[in-house]
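Naming follows writing order (A, B and C), and every chain is counted from residue 1.
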Amino acid sequence: MQKYFVRRLLNMIPTLLLVSLGVFALVRWLPSDPARLLAGVDESGAVDPVLYAKIKKDLGFDQPVLVQYISWLGGIVSGNWGKSYLSGMEVFPQIVHRLHFTVQLGLVSWLLGVIVGISLGTVSAVRRNSPIDIAVTTFAISGVAIPHFWLGMMLIVVFAVWLGWLPYGGFNASLFTSPLLWMQQMLLPTFVLGTGLAAILMRQTRAALLEVFREPYVLTARAKGLKESRVIWGHAMKNSLLPVVTIASLQFGTLIGGTVVTETVFTLPGVGKFIIDAVLRRDYLVVQMGLLVLTVAVMLSNFVADVLYTYLDPRIRYD
Amino acid sequence: MGFRHTLRNLMRVRLAKFAAVVLGVTLVAAVFAPWLAPHDPTKAKPWDSLRPPSATYWLGADRLGRDQLSRLIYGARVSLLIGVGGVGIAVLLGMSIGVTAGWYRGVCDELLMRVMDGLSAFPALLLALSLVAIVGGTVLNIILVVGIVGTPWVARVIRSQVLSLREREFIVAVRGLGAKPGRIMLKHLLPNCLAPVIVQASLAVAAAILLEAALSFLGVGVKPPTPTWGGMLRHAFETVSQAPWLTVSPGVMIFLVVLAFNFFGDALRDVLDPKLRGTR
Amino acid sequence: MQSTGWTTNSYGPLCCLVSIIAWGMVATLALATDPVPPRPFPHAPTGGTLAIGYMRETSSPDGFQAVGSFDRMYFFTGNEVLVAIGKDGLYDPAESLAYAYDVLDEGKRYRFHLRKGVEFQGGLGEMTAADVAWSLNRIHQPDTGSRWSSVFRSFDRAVEVDRYTVDVLLKEVDANLIIRMFDRGSIVHSRKHWEEVGGAVQHKIRPLATGPYQLLDWQVGIDQKWVKHPKYWRGEPMADQVVVKIITENRTRLAALQTGEVQVAWLQAEQVPEAQKDPNIKVWDFPGVGWDGWTWAAGLPPLDDLRMRRALVKAVDRGALNKSIYLNTMRAHKAHTFPSESAFGIDAKDLWDGELLKFDPAAAKKLVQEVARDKKLKLPIELQGVCEQRPDRQLFCEFLQAAWDEIGVKFTFKIVANAAERLAVFEQCQTHINQTGGLMVTPDAMEGALLSTSTGNITARVCHDKGQKFSPVDTKVQAEVDRLLNEATQQIELAQAIEIYKKAQRLALENLWVYVPVTQRVNYIGCHIPTTGGCDTNPMRGDGFIRAGDFWRKR
């Protein structure tokens, strides 16, 4: 099995290279001129041609594209990610700082989604066709259809503006030093992000459990007179959890990708918003590095999910 | 048991009916927009800025005094066009790539699939955002972008289908008879590959519509003055305290249409793929 | 009554002499210290953290390298200029690093008298003439991040006279010199620190200046943290920390103000009515800090015909525009660059309300048809524009689209991310209309737009003979505008210069030259009363922006 994982990991490398090439090309094709941006134009100012030429030279834009690509790759590996064209600040520490937040947000949302999704899905399967089941099913169906940004908007209007119970957005708390504030600020964003995942998991859990309930061994257990809760927890859950866990772990990558819109609506200091702001402002270097980092993060989390899945499922053996 | 079972069936049918109604209304709105819309969606009447719902403006007027209902109706065009068109492009591109990779295998397969892996590694919204920033926000461009974002998924599904099909007897037989690869692909492979794609297509359209709405919401969607549901939400958020009613209708429309496509997709799956029935 | 009279007293003249000498000594002593004392803070320090809500990404906390007009909102937190603008728009010595100045050599030399005991932040020591001279001289140097070289084109160099006196030598007379210095060009930084950190780019993120707060941390796109400068020359700053929070969403920024998350916030038009209704918020405004409208390429047909330009202006209902896009928080312009109430403004009601420019779509349509007929153009006439993505700017362009559609003009526009891109597109010489605004605090800003050498005048500067050409009439107009503006700067007396600027504005308006100031900008800020002191009087300076040092946290 180790060989399988090593091979999988190695297989990621050409994909990573392709991704880096893609990111590089993408950013080069973006319209407008970063050298000009750096040389600076205010609302009615001029562009100094000498400064412009100097900046172009400093950024290496006068060299052939391939050379630029290779030196960029080299820079990434050596930790020199360059400086933002707009702010002049080092890109690496900024992205790391924001990645820290995005991962935090992603993890908490994921946990919330998993817990709520699986537990409600279980309840819904156990109490089939009851009002709870119908409510949960409705939520599950709507949860995947509702646009995240709209949900976020509506929640802000209700809870932050009309009721004033929760903050409008923004984030400056630390889990360890100010847990209450942290919870307040995290509540709405994690709810929005977790909804999609919870909805999917609810359906999956419910479906998987229902299927398992029809299995002979469950009927046997019930016939033996075992308590319902033991039936569920002792037998059914263990076997039905596998596809659910698979999906849940695969969804983590999607969740990270989905933080982009949530961070924008709630003005959160994450990588997603950082990238979007950079695209809209044409801060190319940030776009490049941010896209690369986020994509690699998603790829890695998918890989970890794969590992988990393979580890958990005794039926799967790869050689 | 009997009653509950029937109830479930009834509900299922009702959901599909609901989906059909919503989609039908949306389609009619999109196609017959010029006749249905009570006002011109792009004509600004600034003195009617932010009017609440009334007899003239059933859903209110937006910041420039344009009728919200008319813009909603025309917005259906963009959503449907981009949703369906985007998936169409994805299917076209994905099919060509998937069939080529699955048939020829070897280096060709490796290369194509690597590219697809690379493409699908990007979070969809970010990829779409960057691409639109490059090519600009016209309806056609966004259809292409959405299509490109969706291609890897189609390519993989088709490829695995082709891989399993190419060893089947009838394909081997036709190959033995000397038929050219192109002909084989077109006449024999493709028709049999499409089933899983079609089953998922409806859900894909739902995802494409959500993607387009997100792009418009962020301000990189279709350029004004074309009304889009996401764009309407963007402007509505700015004036949410003066005119909160403006935030409701576009969001509800997106929600309903996406929901409908989801239901439709589920129903389609039940019909076309009986093996999966019962996982509801 | 008999006068004893000290005149008959032999001690009289002696007493007189002694008192004169004593008086002279006292006077000399008085003149040796700053005759204009620093303006003290209005309240004792209360500590705490003051949060300010700003609406966009900050470009540079050191001020000197900041590119946005609105950046004044934050960089004055820690940086100070040689001569400061007061609430009336004129020189305010009580808050300036130079407490007085003399005009010598018939206007070609300005002598600035610096305050003593002004300490730099970070324990760098006293500000002296050396620092001031260096700070001014970098305006013309290319790698200092300076973009102000053309604004200060009359400035030759600054020279230290003694420890607290600096002479500024001019190449030519410039009545506007002091006014130009109100903005960031004359920010004083420490040369020692600049060189220690390694130049412009480093100084951007680690600036040290003379202002009440020192930059502690800058998270781009998120916030800036400034900490108090205990040795500030006007006294101990009233708060311990100032945080400038970037809250781009207008809605959320207002919500932050309403809850007291921020003490002072920039308000965009949409938020003003709601903020005014809130009893916890005091809204202050400052009109006349700029205009919104568009600039156009007067040499690109059919705009080279004045009738066409007039038609486009006459098709726009400025009141409706103000209501829908700005929610009645701006003003339809009744003057040109500066509002009528300003010292620099003209009263042009007769032009705006007269046949020339009055809102009249029917008449506008006729004009368009006339032009089409004469120039043999097909209707609808097609015009290209460029607009920024920012929601209010985009709405403005959509408004123009709809308004001009009524008169037979088809207006399509490109959307760009920021001002730099906008300019780049405009400079490709195929765009007719550039939707923009201008911050016009002082008359020298007009030069930046109207002169044939200015960046704003796209036809004259870049596109002449690249598909754009002024009509003979317009060529004369440009020549006259150039003549007037140059004459204005040659005046020594500001009053004389102002008269000439007024003439130039009138000429520009009659010919709709280079830019059309459709609405007059009003800046709004909100102050959260329960937590903030300093809200009782209008805190905004003549440039339409606040100074963080004016506020304190209420206990």
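Definition applied: contacts are C-beta pairs under 8 Å (C-beta built on N, C-alpha and C of every residue); 3 or more make two chains touch, one makes a residue touch a chain.
None of these values were measured; they are calculated from a predicted model.
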Check your understanding: Greatest Cα-centroid separation from chain C: which chain?
Key -> B
Practice item. Have a look at B-C versus A-B and report the one with more C-beta pairs in contact. Key: A-B
Exercise for review: For chain A and chain C, let me know how many angstrom lie between their CA-based centres, rounded off.
Suggested key: 43
Review point. Where the CA atoms of chain A average out and where those of chain B average out, how many Å apart are those spots?
Key: 22
Point to revise | Centroid distance [mean C-alpha coordinates] between chain C and chain B, Å | key: 48
Review point. Can you list the residues of chain B that touch 2 or more other chains?
Key: 219, 237, 240-241
Check your understanding: What are the residue numbers in chain C that touch two or more other chains?
Key -> 249, 251, 389
Exercise for review: Hunt down the residues of chain A that sit against at least two other chains at once, touch-wise.
Suggested key: 31, 161, 280
Practice item. Spell out the residues on chain B that touch chain A in their complex, using ranges where they run on. Key: 4, 7-8, 114-115, 117-119, 121-126, 129-131, 133-134, 206, 210, 213-214, 217-220, 230, 233, 237, 240-241, 244, 247, 250-251, 254-255, 258-259, 262-263, 278-280
Point to revise | Touching residues on chain C, where the partner in the complex is chain B | key: 249-251, 270, 273-274, 317, 320-321, 323-325, 327, 389, 391, 394-395, 397-399, 401-403, 405, 415
Review point. Across the complex, what residues on chain B touch chain C?
Key: 42-44, 46-47, 49-50, 63-65, 137, 219, 223-225, 234-235, 237-242
Exercise for review: Sort out for me which residues of chain C touch chain A in the complex.
Suggested key: 57, 59-60, 67-69, 142-143, 145, 147, 149-150, 201, 204-205, 218-222, 245, 247-249, 251-252, 255-256, 259, 261, 389, 416-421, 423-424, 436-439, 445, 448-449, 454-456
Point to revise | chain C partner contacts - residues on chain A that touch it in the complex | key: 31-33, 36-37, 40-48, 50-51, 54, 83-84, 86-89, 94, 97, 156, 160-161, 164, 167-170, 267, 269, 274, 277, 280-282
